[in-house]
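Heads up, the thing below is written out as structure tokens.
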């Protein structure tokens, strides 16, 4: 990874069986870059959330959709883009419905979804979402200097 | 990338579900299908052993939320035990540790 | 994997650090398809050999080359294509120099390479190589019926 | 995906190299650089423990061939020990089991 910028692209059918495959590829890239165990786990969840959304919300059930995952490998960070070509959505409206569970919420009325975008935001350092022709989620995780070359199972001090 | 699900019943109203693998949108439907019925008996105690679950995302959170709702509805109880620290973190961030009975394997440690 | 045919595409820079990443992705796809442990190991080696060739022989050392890996997921088989856009080579001439070690060979003169294409051939069920504008290796591994849903660490009877 | 290399010298002319991980075109250069010098002393015995090597491809075969050639040249010896059955298979297919001293962990089994 001597170059300032390497680009890896993965295209998969928008089907649940490929979420784990992409997760594995991402964890391979992140581990090669020297991310520590905790950050790799965060990356796996964030990417899976974005892909799961592409699988579940982007295409009509009879459509054969595709998802494109792009990874920009920089010396100090990993940028991951997850894009679909399905329908767009109203991000502002969605934002009012997502987020953590609130103490006041009644368990009986608790929603069972709406944690995906919130987790992406919580686990990544920088997140941008564009929804025009399909949805693009662009997320960045920084490689903290003291992590490079660290042993995978040491505790991270970088959060 | 897969999830194996094993259910035993040490006592009539006590079931232990042992999971091994990853909970994501691919494996979640099977989990939901096996877990929900266990919560539908009044007085039942459902213990879910997550000691071998090394990956979970929001799809898994959703399943446990619907199981929790089902316990309230049917008067049963659910405990999540031996949860990995990394998985626990997701329940924590989303505020779900406030409403669920969770016990981690190495709580606080890592 | 209900459809007759799913296509997954991966593009990586032609650099040694990404060989392991692609290997991980392929093993994820193969394991999801239900290939047994032995066949997954064979697939990993064959794909790595093809990618290693793309990394080592396709581009001049100052070129920024790219490799494209395409996977066709069928109900009964996995087809993997590894393609580069580098220089072509004379397959017939190469064929005379590859293959297993021969008893008569003198250890001192033993070649240290030339096992890559031979292993691809030995480990996959069907292999086609085209070398025109760059090199394309197309390899197929069949999923034996009795393997589907089998436990990964059982012994395969299918060789 | 990585390879860790550890060398100990139980006796002056006897070195044990323990490998852990995967041998491919990314990790091979480091392996070659550490292994070849060990073979360059007359009468040396180099034991390579592959018990924790779960992946190897032709790049690895090439390294061991050049180490073998170096032993012939310098009058030293090399043994590959605890090789996994799957890795052994590659040495077998390529005919290299005929010329190298290899001992597998679970030879014949698996």
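By written order: A, B, C and D. Residues from 1 in each chain.
Following the convention adopted for this analysis, contacts are C-beta pairs under 8 Å (C-beta built on N, C-alpha and C of every residue); 3 or more make two chains touch, one makes a residue touch a chain.
Chain-to-protein mapping (UniProt): A, C = Serine-protein kinase RsbW; B, D = Anti-sigma factor antagonist.
Worth saying up front: this structure is predicted, and the values here are computed from it rather than measured.
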| item | value |
| --- | --- |
| Which of A-B and B-C has more C-beta contact pairs | A-B |
| Geometric centre distance via CA averages, chain D (Anti-sigma factor antagonist)-chain A (Serine-protein kinase RsbW), whole Å | 40 |
| Centroid spacing, where centroids are CA-atom means, of chain A (Serine-protein kinase RsbW) and chain C (Serine-protein kinase RsbW) in whole angstrom | 29 |
| Length of the line joining the C-alpha centres of chain A (Serine-protein kinase RsbW) and chain B (Anti-sigma factor antagonist), rounded to whole Å | 23 |
| Residue numbers of chain B (Anti-sigma factor antagonist) (touch at least two other chains) | 1 |
| Residues of chain C (Serine-protein kinase RsbW) touching at least two other chains | 17, 20-21, 24, 28, 32 |
| Pairwise touch network: line, ring, star, complete, or other | other |
| Pairs of chains found to touch, sorted by chain label | A-B, A-C, A-D, B-C, C-D |
| Residues of chain D (Anti-sigma factor antagonist) that touch chain A (Serine-protein kinase RsbW) when the two form their complex | 1 |
| Of all residues in chain A (Serine-protein kinase RsbW), those that touch chain B (Anti-sigma factor antagonist) in their complex | 16-17, 19-21, 23-24, 38, 41, 44-45, 48-49, 52, 55-56, 100-103, 107-108, 110-113, 115-116, 118-119, 122, 155 |
| In the complex, chain C (Serine-protein kinase RsbW) residues that touch chain B (Anti-sigma factor antagonist) | 28, 31-32 |
| Complex interface listing, chain B (Anti-sigma factor antagonist) residues touching chain A (Serine-protein kinase RsbW) | 1, 22, 24-26, 55, 57-59, 61-63, 65-66, 68-69, 72-73, 86, 90, 93-96, 98-99, 110 |
| For the chain C (Serine-protein kinase RsbW) and chain A (Serine-protein kinase RsbW) complex, residues of the former touching the latter | 1, 3, 6-13, 15, 17-18, 20-21, 24-25, 27-29, 32, 64 |
